[in-house]
Amino acid sequence: MHRSDRADIPASGIVVECRAVCKTFRQRQPSERPRDVLRNLLHPRFRTVEALRDVSFTVNRGEVVAYAGPNGAGKSTTIKLLSGMLAPTSGSVRVLGIDPVAERTRYVGRIGVVFGQRTELWWDHPVAASYEWKRVVWDIPRERFERMCGVAREILGVGETWNTLARELSLGQRMRADLGMAMLHEPEILFLDEPTLGLDVLAKRSMTRLVRQLSATGSVTVMVTSHDMNELEQLAGRVIFIESGSLAYDGDFAGLRREFGDLRRLVLETDDATAPTLPGAELVGSQGMRHEYRLRGAGADVAALSAGAGEQCRVLDVETHRAPIDEVIAGIYEHWGRQRPTGTA
Amino acid sequence: MAARLLRLWALYAYLDGMWIARDFRSFIFYYLADAVTAVASVAGVLLLAQRFDGIPPWTRDQVLFLLGFGMVARFVPDMMGNYNVLHISRRIGRGQLDHILVQPQPVWMALLTEGFAPFWGLLSLAPGVGLMVWAGQRMGLEATPSWLLAFALNLAGASAALMAYAALWGFAAFFQPRAAEEISGSAVDLLTDLKGFPLDALGPGLRTALLTVIPAGLMAWYPCRALLGLDHGIAALWVTPAAAVALCCAACLMFRMGMRRYAQVGSSRYTSFGHRR
Amino acid sequence: MLGENPLFLLTYLLRLLRLAALLAVWRAVFAARGQAGGLDVEQVLTYTLLAGILAEPLNCRTGLDRSLWEGAIVTRMLQPIGLVASFVSEMAGRWVVGFAFCSLPMLLLAPWLGVDPWPASGAAAAWFGLSLALAVVVGVALDFLYGAAIAVLKTDIWMLDGMRSAVALLLSGAVVPLALMPWGMGRWMQWLPFGALASAPLQIYTGAGDAPTLLALQAFWATALCLFGRRVWRVTRERMVSYGG
């Protein structure tokens, strides 16, 4: 990808910088009782929600960062802070060395934002017309526009829906068109908030592949949020995990597994429908004569366990595999639940 | 900046034209429905003026002029206010402001250009202009340059007053997004539904209210009185434009307060209903 | 509904203001003459006031069109009570709110507006009750026919909605009494079904029309439109279920 016109921008270095960011919201708590109608109007009650508390992280140019957390953790709030839609309650947000809110118009010309299930396309117009609209409003030079249209049409497959009205696109096609549109002005950073929300499995897979391809060109920094860890692991090398507004983990996925327990699985096939009881392993379930166990920690000795099983019945087959990352996260949630019983918002 | 505004207006005109070309039948259908509604909503006063040869102190032709003026005063707001720009509370209340905030241009510039749909507006101009010209000719109205200037100022004032009034209420959605989602619709109705009435026989209290807190009288009644000489004196000619300026200032102030608040509280709800369609 | 959104009050304010403006216009018109079209100023003012107070029953809107547009009609059809009953009861519920927040204040303001709200005579009041009931029947039948039409046209109801309201208001004589229309238009407009909506009951109330004739005409339209509506509804029913859903 040519970037001759952006020669002034260094190829590496910090692009996103959040320092001690807090964001609190006040939410109305109207009473449902009919006799409180007047009080709701005159004296509404509020509750304070800490959507983000003391969140700090930096992102380097060219990185692909997964921003993960359960629903309501504060992911969208972070994306809105980073894209200049919201100002932090305290702390500082700087992206590309700019304060996103104070210098919004200058700033948003250099980033791209895609919210899953929100579309930028014009409902009653073909995709091409929406792209043309974007060209004029963003003031995109012809040469770049043509080139990025090419990227959208070839890599993202927007070509096949080029002349289709937006209202007639499937959700998957629409998301691809939206992604292509967000890339048209060649943003330096791409913020994707739940880009796979509502997509079916195939469309999800193609979306992940496309984001990977875009990021592989190395010229764009990507921050993508999702509550689906497996998907994020396919996309990014680095994961930032937030929970109830606090940063819980920042590192690679292997580290996440290490930190929160490597949940390996042991599957025994025996000649007996009743599962043997094994000390140090927990039965997850049985399917006929297949019994699945959960192993805790790296120290569990698989050989000793299967030998122990051999004393109770005949073992036909032994296999082990890694638990899917979602289960790691389920473990994390449990962990949090225990530490902070009232924690989840 | 002016060049950019022109470029954006051209863009939206192009999109509007494309829409019509693609779906001409719907366009004709909507247009007819619109025209019938516009005529039917002033028809009551029109028929009365015909039957009783005017509504004192207005002669029949003066009433026709008033009705035409009111219809034309809606033209600019309608032409500039598509995609819920005129009904901005819907956009704010539904969390759709974020779509504007990602655009590398000031919000006011987006609002000033996004709702522009000239082909839609253009046709609805015809009946109003027709009424005014016809009535003016029958009255033997002298269109001197100074009168035309006053006419243009008052017409622009009436249009601007409507837009500013709608915006003023619409920005209430910054503060109460859910409750105020539909408020600019009601505000616009308040002004436009009353625009065709000669309000002279109303009591002084109501008349004042209809020129200040609910300035429906500015839509046609007051400017036409001044323009047709029912009010003597030059000062009356300046009332509508001046009121429009005041309303615009208030709307700007409200907008700035609202935007400052929006950066703090954002929008927790989002529905795509009505967005870019 | 009430606590959530006080916006409906603005709509009622608009109705009140429109009533005041209309009354002012009538006063101005009648200032120079004692009578017109067989009506004197008192009658016209009462007529206008009552049209304002009873705006909802005199121009029935059941919400069928919205329900069709949003596809919510399917859930209605699954409800145990009949479709018509379901929509009518909901409409009546809305009237109660409108009556409390708009009609009642209008009635109480009548002396201040300088209008005599009482019917022409006791007999007129009695006939008026019957006539109003017939007007509601005709209104509901027309609303269902309109619903059938938009189900067939499959068109954007928001556009049609304004047109329909404005036209129905005009043709029903709710704004300008049919007797006061120019060019003798009222003479043939009274034979349209719309005349049964507002013109007939209001004429009876103000003692401006011949009650038995008007009631007979209303009864004719009520029967004819109900029969016709049932037929049309049966034919388009299948289409309506799939519409929007």
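Worth a mention:
First chain written, first letter: the chains are A, B and C, and each begins at residue 1.
Quick note on the criterion: a residue touches a chain if its C-beta (ideal position, glycine included) is under 8 Å from a C-beta of that chain, and two chains touch if they have at least 3 such contacts.
From a predicted model like this one, the values you see are computed outputs, not experimental measurements.
Taking the mean of each chain's C-alpha atoms, the chain whose centre lies closest to the overall C-alpha mean is B.
Placing every chain at the mean of its C-alpha atoms, the farthest one from chain B is found to be A.
In whole angstrom, the spacing between the mean C-alpha positions of chain B and chain C is 28. Once the centre of each chain is set as its mean CA position, chain A and chain B turn out to be 44 Å apart.
Each chain gets one centre point, the mean of its Cα atoms, and the points for chain A and chain C are 55 Å apart. In chain C, 4, 6 are the positions where the chain touches two or more neighbouring chains simultaneously. Those residues of chain A that touch chain B in the shared complex are 25-27, 77, 80, 83-87, 89, 101, 104-109, 113, 115, 117-125, 129, 132-133, 136-139, 167. Within the complex, the chain C residues that touch chain B are 4-7, 10-11, 13-14, 17-18, 20-22, 24-25, 27-29, 31-33, 36, 155-156, 159-160, 162-163, 166-167, 169-170, 175-176, 180-183, 185. Chain B contributes residues 7-8, 11, 15, 18-19, 22-23, 98-99, 101-106, 263-266, 268, 270, 272, 275-277 to its touches with chain A in the complex. Taken together, the chain B residues at the contact with chain C in this complex read 29-30, 33-34, 36-37, 40-41, 43-45, 47-48, 50-52, 55-57, 178-180, 182-183, 186-187, 189-190, 193-194, 197-202, 206, 210, 214, 216.
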